[in-house]
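Below is a structure I'd like to ask you about.
Labels for the chains are A, B, C and D, by order of writing; each one numbers its residues from 1.
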Amino acid sequence: MSQASQYASPAVWIVESLLVFFILWKILSARRGRELFIRRIPGLSALDEAVGRATEMGKPILFAPGLSGLDIVGLQSMAILSHVVRKAARYGTRVIVPLADPVLYTVAEEVAKDAYNAEGVPERFNPEDVRFLSDRQFAWASGVVGILHREKVASALYFGYYFAESLILAENGQMVGAIQVAGTPATTQIPFFLASCDYTIIGDEYYAASAYLSREPTLLGSLVGQDLGKLVIIGIIVLGAVAFTAQALCPNVGWLCDLTATITKYFPRS
Amino acid sequence: MSSVWNWIAIPRHGWQFAVFLCGALVIGCAVLMLLTSTPPRYRKTIVAAVTFLAGLYYALEFLIPPALWPLKPPRNPLSEVQPLVATLTQIIWSFALLLGVWNLFLIHGRAVAKHGRGWYNSAAFFISFFAILGAGLLKDYAKNAGLSKASESIFTVLFSGFLTSLDATMFSLIAFYIVSAAYRAFRVKSLEAALMMAAAAIIMLALVPVGAEITNWLPQAGLLSALRVERIGYWLLTSPNMAAQRAIAFGIAVGSLAMGLRIWLSLERGNFFDRQL
Amino acid sequence: MNVLEKLQTIDRRVLYLLIAAVIAVPLLQRPSRHPRIVFAEVRNAYETLQKVPKNKIVIISCVWGPGTRAENEPQTRAIIRHLLMQGTRFVILSWDQLGSQLTYEDASEISSELGKRYGTDWVHLGYNPGPMYAIIRGLGKSFQEVFKVDRFGKKLRSIPATRNVRDYRDIGAVVEITPSGTVASWIAYFNQPFDVPLIFCPTAVMSAEAYPYLDSGQLDGMLNGVIGAAQYETLIGMENERTYAAAAAWALSCAHIFIIVLIVLGNLGYALSKRSTRRGGGKTIG
Amino acid sequence: MAEWLAAHTKTLSLWCGALATFAIYSVLYAENRFYRLFEHIFIGLSAGFGVYVTWSQVLAPKWWQPMVHKGQWQWIFAAVLGSMFYFMYSKKHAWVSRVIFGLFMGLSAGLMFRDFYEIYFPQMGASMKPIVGNSISWWDSVNAIVFYAILISSMAYFFFSFEHDSPVVQKTAAAGRWFLMIGFGAIFGATVMGRMTLFIGRLNFLVNDWWPTARVAWQYRFFQTAVVLAVIAVLVQGFRALKARSKTFPPSA
């Protein structure tokens, strides 16, 4: 292949500038205070139902952020935790939060306390309900299993980064008959949650859910910008498909052949 | 300019080496001292600038084709130094590998010192750490042939006996959890779960040799052969699955571009990133 | 309470013993029969390596360690055997501290079995900590400058197999054997820009996500877990040998059927218990 | 001593491997002391081995030797930069480590433009499939239609910035979630296969590598005694664990 393919072609400049422009434009305008719209995703209603059911039964809720640490996934899980605790605080339902990361533990404690304060019931906050169990994967998992059984949890919410322990938790949640709602960007765990939970928030929905709840401008702007970027990609694909179909239908038209050759040059197929 | 550079690049030997090495160390430490005493309000700017400049290197290396550089013959000078960047980052990065070790030393050192519950586990950590490190270094550097040979045997036992078995067994635990979850947790509660499990079952059979045996009564060619499990499973993998995975991949493509921009331009917000440095 | 409902209360440890028994049978028996069906992507991988010119080398990049040895080692061994048999030189590059030892042992064993020699037929470049992007990017420009020495600290310029390797022009193919999402680095920084073929040997967990890249031709072939390795062995003429990969393929067959049966039984019992709950009125589980 | 060790390395490794395997699998029965001990040995060994390999295969040949033996004194600057990572343990000066982390984060972020081009431009190119045409079979047409239906609806499912109120968008996105299930089914199947293979690997070790040596050892009286004692110890320990456990929560947990 020629040396040229190692560097940006004009097509790269056009497409990538367009994407960068959309993303930065939306992030910056969101940060300047413009209200951006994101739709409410269906998984959030399932979350509210789970809180409602625990209230009806008078049993606690379990909110497990997986093995997430203080990273983007972990922090977004805290945004969802804040929402759940506020809802539950309103009805006086307990939320038990077992953690596997000592740093995230301090953050979760703050988040829970703030949520009770925001609902005007600071006295209902029980520091015992936010627990650091262990930073070892299976020790953490067996700790959570213990909580599921002892506390007779009515709703189990799994939001964060999960590894193989997802299976152990979902199995035991099923055994105690809890309503289970999960959300994780970990692709390999999504199928297992889908198979064992009542509702699962999949892939990018996880980021959308937390941006929707936290209203953090950078996240919102970035999501909206990404949507525009995906539209650009769909547009390119549809135009390309039309060109290639036209060329396949009329293989002898010169300009169509030139057009498809140009497309193949800029969007190379090995 | 280039003569200064050449002067720096010359290898030194004997007393000159010692002088240059010490000089470089002093300069390095001075820079570090300067960094530690930077007033807090400039710190974020410095981190943002370093991040931006580092990103700029690879960005320009790709975005500006050789023809646009004012150089003869046309070339991208940033591409030329890539092997050097590779070596440098590799060595600096390997210093970071000891970070995790330092962390473990802190945790287990504290546990041993406190003599609390399970302190002997932490002691076992230290013993095994130094045993394999010592055996490894002795087998490479010991002058005494007997000692080096014995260390090599101990090293092999620790490595292929304990370490590889422990690692592999830890990973394989998940298989058991899948088994009990398959029985107790995977419930077809909704149509979408049913669809997923059906696709999974067909693909699981198609991947393994027994899949081909199950529908062996169907012909190998012709219209009916399309119903063979391995054909359906392979079609599911290469057609609908491929399309769904590509849709996810495009989402990741745009998502990682957005994430990259947020990091590169230090746009990320949230309590972690806003903390005072 | 009928049988299905009783089955629901089985202790999980019984299930563990059952799966062990189900898998142990084919392992003890060690059947020599290899899978009859060879997927297109495995055949493509074989043909790609077959076509590598004799004056070029193949890079085998191993990210795996003991954790996924059961999947990645058979792949590594099959590829190494193929390359040694047809006399294509290769270098092994390990990104895992423990894997660097294991891949060296594998290659040494096969090489002495086939009467080949370290240094002339193959070279092990030792452990590389990364960052992967910088190293792969630099590799296209200068192989010698990025790697410098082999795992014993010997200069690559003085080793016959690697003496004349300058940059991407002397690399005939890359084989990436990995349990994690590292293949994107090879696509983006080496194989796509320099148009070098890339074979992907992932653990099964990641294989489903690779199909878009096989479709676009960014990957020239794939060995899916140990099944891919068993199929590859069929292609290199080992279809009648009692290998681990063949036994594992049959053990997997049993395991998959066992799992599917468990899911079906579990769901039947669940459906029944739900029905009797409804009849009994208001009895909730747990 | 050295000779004896060298002669028995293989047997010793096999026995240690079997011991380690049983120790870890004991957690499947219940969390226990034996498991915890071996878990810590594992952490210690892998950390120690990591330091050894990093030194012997990276730092010694690529950093120490050029610096000390070839007089390339400039390499000392790499150590200064590398030391910046360790400031993260100081509360006061932790920010210095952010500089070096920033450098590496910047480097990998800068690659995003190339990533997007080299990885996803060919993906877009490969997605431009002709639907009908003279040289296209009906089966290819079907596959192309399936492809577009799944690609577009699945992408629509992940659009968040507009309300799904029009029935067309709503139906498309709903279909998208359905199609995604096939993809997740494929991941499910593949994951089960991968995890099972890892267990097969361990069982293969026990059955085909270790068991033959165990059968040889069974000829010795002292070994038989040791096995009987070990079995009794395990049974007693297991019984105690079971009793302690049934007090806390159901045994099948």
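Criterion: a contact is a pair of C-beta atoms (placed from the backbone, for glycine too) under 8 Å apart; a residue touches a chain by one contact, two chains touch by 3 or more.
Please read all numbers here as calculations on a predicted model, not as lab measurements.
Peer 1: Quick check for the class: compute each chain's Cα centroid; which one is farthest from the centroid of chain C?
Peer 2: Centroid comparison gives A as the farthest chain from chain C.
Peer 1: Pick the pair with more C-beta contacts: A-C or C-D?
Peer 2: Between A-C and C-D, the larger count of C-beta pairs in contact belongs to C-D.
Peer 1: Averaging over Cα atoms per chain, report the distance between chain A and chain C in Å.
Peer 2: Between these chains, centre-to-centre, one finds 30 Å.
Peer 1: Chain B to chain D: how many Å between their CA centres?
Peer 2: Their C-alpha centroids are separated by 10 Å.
Peer 1: How big is the gap, in whole Å, between where the Cα atoms of chain B centre and where those of chain C centre?
Peer 2: The separation of the two C-alpha centroids amounts to 18 Å.
Peer 1: For chain B, which residues are shared contacts with two or more other chains?
Peer 2: As it turns out, chain B has residues touching two or more other chains at 58, 62-63, 79, 87, 89-90, 93-94, 97, 159, 163-165, 167-168, 170-176, 178, 180, 184, 186-187, 192, 196-197, 200-201, 204, 207-208, 237, 241-242, 245-246, 248-251, 253, 257, 261.
Peer 1: Where in chain D do residues touch two or more of the other chains?
Peer 2: Those would be 27-28, 39, 46, 49-50, 53-54, 58, 62, 104, 107, 111, 113-117, 119-120, 122-123, 125-127, 148, 151-152, 155, 158, 177, 180-181, 183-193, 195-196, 198-199, 201-202, 252.
Peer 1: Chain A: which residues touch two or more other chains?
Peer 2: Within chain A, residues 6, 8, 12, 16, 19, 138, 164, 175, 187-188, 191-192, 194-195, 203-204, 230, 233, 268-270 contact more than one other chain.
Peer 1: Which word fits the touch map of the chains here: line, ring, star, complete or other?
Peer 2: complete
Peer 1: Within their complex, state which residues of chain B touch chain C.
Peer 2: Chain B residues touching chain C: 58, 79-80, 82-87, 89-90, 93-94, 97, 159, 163-165, 167-168, 170-172, 175-176, 178-180, 182-184, 186-188, 197, 201, 204-205, 207-212, 230, 234, 237-238, 241-242, 245-246, 248-249.
Peer 1: Would you mind writing out the residues of chain A in touch with chain B in their complex?
Peer 2: 3-4, 6-8, 12-13, 16, 19-20, 23-24, 27, 31, 70, 75, 107, 138, 164, 167-168, 170-171, 173-175, 187, 191-192, 194-196, 198, 203-204, 207, 216-218, 222, 225-226, 229-230, 233
Peer 1: Applying the document's contact rule, which stretches of chain C touch chain A when the two form their complex?
Peer 2: 192-195, 205, 209, 216-218, 220, 284-286
Peer 1: Of all residues in chain D, which touch chain C in the complex?
Peer 2: The contact residues of chain D facing chain C are 28-29, 46, 49-50, 53-54, 57-58, 60-62, 65, 104, 107-108, 111, 114-115, 118-119, 122-123, 125-126, 183, 186-187, 189-204, 207-208, 251-252.
Peer 1: Give every residue of chain A touching chain C within the complex, in rising order.
Peer 2: 1, 5-6, 152, 175-178, 187-188, 268-270
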